[in-house]
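Single-structure report; data block below.
Here the chain labels run A, B, C and D in written order, and each chain numbers its own residues starting at 1.
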Amino acid sequence: MPILELTSLSKHFGGVRAVDELDLTVEEGEIFGLIGPNGSGKSTTVNLICGVLPVTSGQVVFEGRDITGRQPHRVLAAGVARTFQNIRLFGYLSVWQNLWVAQNSMEDRRRENFAKRWFFGSGAERDTVDEQLEFAGLIDKRNELAANLSFGEQRRLELARALAARPRLLLLDEPAAGMNLEEVQALDGRLRTLQQAGVTIVLVEHVMELVMGVTDRIAVLNFGRKIAEGLPAAIREDEAVQQAYLGGNVGTMHA
Amino acid sequence: MDFFFGLLQIIGVHTILGLSAYVVLQTGQVTLAQAGFFSIGAYVSAMLTVLAGWHIVPALLVAATAAGIVAGIVGFPALRIKGLMLVVATIAFGEFIRLFWFNFDYQIEKKGIVVGPQGGEGFKQIRFFPENGWSTLDVAIFIWVIVALIMLALWWTDRSRAGAVLRAVGEDELAAQSVGINLTAVKVGAFAAGGFIAGIGGAIYAHYTTHIEHLNFGVMLATFAIAYPILGGLRNVFGTLVAVIFIQGFLVEGLRFMGDWRNLLFGALIVLAMNVQPRGLIDERSVRLVRGLFTRN
Amino acid sequence: MLDSKLVRLGAVAALAVAASFGTQSEAFSAEKTVQIAGFGAKSGVVRSFGINTEAVLTGAIEAVNAAGGVKLADGSMAMMELTFYDDRCNAEEGISVLRRIAGSGAVVAIGPTCSNVAEPLFGILQKNVGDEGDSGLQIPVFTDTAIKGGLAKISQWAFRNVPNENQMYKSLFEWINSEHPDLKTVYGGVEEDFAHSRFTWHKVMKERSPEAGYEVLGESKWLLNDTNFTTQVRQMKKAKADIVAISAHPFTTCGVLKEMTRQRVKPKLLVGLTSSSSMETLQGCADQAEGIIIPTSFAPVTEAAKAAADAAAKYEGSADLHSAAAWEIVMILKQVMEAQGISADGDAVDADRRAIRDGLASLKETDGLLGKIQRTDEGEAVKPYLYVHAQAGQWAILHDPSQ
Amino acid sequence: MDWLDFFQSITDGLLFGSIYALIGIGFTLIFGVMHKINLAYGAASIAGAYVSIAVAAYVPLPALVTFLIAAIASGAIALLIYLANFRFIPLASPLATLMATVGMLILIDEVVVHATDGMPQPYPALFADIYIEWGDFGLRGDLIFIFVLSLIAMVVLMFMLYRTRLGIATRAVAQQPVAAQLAGISLDRTNALTFVITGLLGGLAGAMIGASVGVLSPLLVVPITVKGLIVCVIGGLGSIPGAIVAGLAVGAFENFFLAFRGVTERDMYVMLLLFVFLVFRPGGIFSRSVARD
């Protein structure tokens, strides 16, 4: 059963078609890779799904409901969380507070009334934050300012923050950028754990090798259009994909 | 002693003004409209006590609510703009309110005298305090009870999840939205809360100066409103208080003996302070320093 | 490193604060002094007013002291001593300064400069003397400069020695009518957002000139800090009035006069605002202001007035209609203090203040630099006045209505 | 409504608007390059004009030279502002910079007040005795001169920005600060130079205001700061052509409302104009649909 469906989704900036008539279906429970050279419209697609950018035309359907053009916080409330290509933590908030502000799952909202939720936080909520920190392996750093964390820790915190609202779909925008091999492997393990926990993952990446091992299916974008879709092995052999990656796109090779 | 109580009143009212901007600044929005909301509090409360004969407390609450509602309404269009645009938009809005009072004429006859706001000539004889026998000390205590309540509320907010959310929005709006924070609600809420607090300040101002006119609520007052929290630091509410004491207590009152040199020093010291302490007088370093003083033995 | 600097900086700041607050209980001298407090604006665009008032006050007190000082109730003589404060023309600061004065040993406060300070200031004074239910301050305030009409009636503790504009402009228009019977119409120009200028056009000039037989054709309005007067002067030009009366402070008065010159608007007569009869106008636009007629309560025409002007010049100020009033105030106060018999005793400040207030309130007539000053029940003065006009960069006497 | 009055008020306002345009360009240029606001800019402009008459008090100078001195003096003050308020305050503390410029505004204002005791000072003008009339329609010669001079200054500025090395460096820093640095452009020097350029323009504007009113006063500072900021936003942040058109438009607009609604309401309409732009065209006059922040 599809969890996310994009139907002829388009985004034009003036004359530039950043995303052009994109059709995409992500099945529940899979790790889906969205790859493409720099500037191929991957991040724009994520921003369109999350409501950061207004859609020019087309539809975003999540779990059978149309969420096109919803504001970002309502997209999150629907069950879609994301991370950013360039890490966007709240640098002057502590690690703990970074997770605290992200406790916005539907259960959180229903469970507590306004005053309790905003001004008189319960002990249960604090325990939840601690648990999430534990899971992310950042419990020792709970009182550090987020800006003072190492790069890898910041990535982990951002992932934990995205998970805090217990999303059913997670959009990861180049989570491996800047990581070394060891960290990438750790990330792979983490994604598998999440998958087992029932979270569907869309992994956006421009370095092909990184997504081959972990994804179930892959779609390739170039110039805002989908040029290929299929199993990792098939994508690797696809001529159009190789053409796109080698066809003068300098940015592809660095990791 | 009356003088010190009087100074306490001034420091109290300016602290309220500064705190009204503090709330909005926490969400990363620079507002120069606080003088406008302050003036709404002043005019509305004065009309209630002078024209309608109300007691100061309900008048103050109604006036602050009015200012809060107007501020909330400003908050909506302000959502779309940031940075310099917001600075200019809020200046314009504050000036718009000021000019409204400049053109606002409404007088009635009470006990044989005509009272009420009178356009460019202002609104005189707002004498609730002296007429009801409140001494300078009484007024100072009244003001400081209010200041304490506001500071307590904001201090509590700072420590609650709401405070963390305000700061999160201030740091990165997009990230905040993406973790599920309703930007509209937070920003409009902050504006409305700031307007409400400014309204309280304005209501007290009108009654302890007994006379208000539109020129009192110009761009310079709005600038001071944000100067206090910025100079004091946005780390916590005490920064604003420290900055008000620094400006009103030290620069204005303390340096009065310097006569006409005082004003020259005034600007220069602000420039210096911002160069030495760009994150405000109360920042991580000065907090550590003060803690060190008490623990070093 | 930096931290220790911070500590030192903080210590210096704390000392400065302590020093400035601690100055009130100095002077334990053997001789008694009568403490007088002056206050006014010494910062901002109205700075020259405060400077002039302070200079005149210093000179006047020096003159009183040189003549032996003030005779106290016990027959001894005491010197007058002045402390002057800057209120920055700001209502809150004015109130704070007055509270500081009220907390000091000063028996009377002289000031302020600005009407927008005077109005709230008088508001925090006790409204009716002896009203126990009214917690307002109880110290006599005697104003030299703030001139907006009808302020002293706000409180029985407030007194002013400022000219009565209603009377001055009424008689000025009547005089002009008799001198130039051919002039029939008046057009006004008003700085609309400043308390004094606005009041003087709308409540004084505009109402008094018809009483003298003139027809008011209209008015142009501008704001305190306007820069472009093209439209206003064009309106003025269209009206083709015989007399143009400008109620504005020197900065915009000059701006408008220059614009009038450009557009060749030449009324047969120009009338100006009392406050513009200072040097400021002539410094800004002597050529364009040539001939403008202003009623004033001061000009160095008598011996006493010359002495006041010289004393002000000695302390780098100038005596004009505003600051010269401070001289008269000091002289009036000396007379009142001696008549009431004050003690100048630090413990009896309240009694002295009350005595001075009562003395001031009971005055019907005092001496002034230009002649006798009448005092009204509301604490206002009716001062002798002259008409001056600008002539070759100087203010020259045009007419003395008392003769 | 009388058509003659209509054209007259619009024309007067348009001519005077050239001064708003100069001030607006100053704000917009600094914003474009540094993404910061310099609230002391208006004060520096007026202070430059004051310096020029102080010089003229010792050496008799022709009016044009006085204007030039005003520009140079204001350029120097602008450099001082850069050093005191921008150079040493970390980029990450925009609020501190904003506040420091407020302190600077107060300081400059008060220095001027101290030097002159707040008294208005006469300022020389050119062609002030020329008044062109066609029936009831009239034009001020000095305003035409100011208008032309401002246009020349703007053309020179555009030439500098688009045709000289310095201008290209400035624009490079504005668009891609990191890349510009990699290309060997000193950020610091470019920023400082931007300040000097804006200062020169501001000084000229200050002199023109002095010339058009005929007198200088510290009272001018706050209103021109507010108007300059409004022009800068209506024109679109960072857009020089936008600031020029917006300056002229605001001048015409406010003068129109002065003539037909009176001075007490005039500025309310200017504020409303700004709100209209913020709501419907947040990117300014020449924006391409997408709003910048």
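Methods note: contacts are C-beta pairs under 8 Å (C-beta built on N, C-alpha and C of every residue); 3 or more make two chains touch, one makes a residue touch a chain.
Keep in mind the model is a prediction, meaning the values are calculated, not measured.
Looking at chain A and chain D, the chains in contact with each of them are B. When you average the Cα atoms of each chain and compare centres, the chain farthest from chain A turns out to be C. A comparison of C-alpha centroids places B closest to the centre of the full protein. Chain B and chain D have Cα centroids lying 30 Å from one another. Each chain gets a centre from the mean of its Cα atoms; for chain A and chain C, those two points are 71 Å apart.
Chain C and chain D have centres, each the mean of its CA atoms, that are 36 Å apart.
Under the contact definition stated at the top, not a single residue of chain A touches 2 or more other chains. Under the contact definition stated at the top, the residues of chain B that touch 2 or more other chains are 102, 120, 260, 263. Counting partner chains per residue, chain C has residues 43-44, 47, 51, 192-193 touching two or more of them. On the chain D side of its complex with chain C, the touching residues are 8-9, 12-13, 16, 110, 113-114, 117-122, 128-129, 131, 138, 140-143, 209, 212-215, 217-220, 222-224, 255, 258-259, 262-264. Contact residues on chain B toward chain D in their complex (touch as defined above): 25, 30, 77, 80-85, 87-89, 91-93, 95-96, 99-100, 102-103, 119-120, 218-220, 223, 226-227, 230-231, 234, 260, 263-264, 266-271, 273-275, 277-280. Residues 50, 52, 71-73, 76-77, 81-82, 84, 88-93, 97-98, 100-105, 117-121, 125, 161-162, 164-165 of chain A are the ones touching chain B in the complex. Contacts from chain B toward chain C in the complex involve residues 1-7, 10, 102, 120-122, 124-127, 129-136, 138, 205, 208-216, 249-250, 252-257, 259-260, 262-263, 285-286, 289, 292-293. For chain C in complex with chain D, the residues that touch the partner chain are 43-48, 51, 192-193, 221-232, 234, 250-251, 254-255, 258-259, 261-264, 279-280, 283-285, 288.
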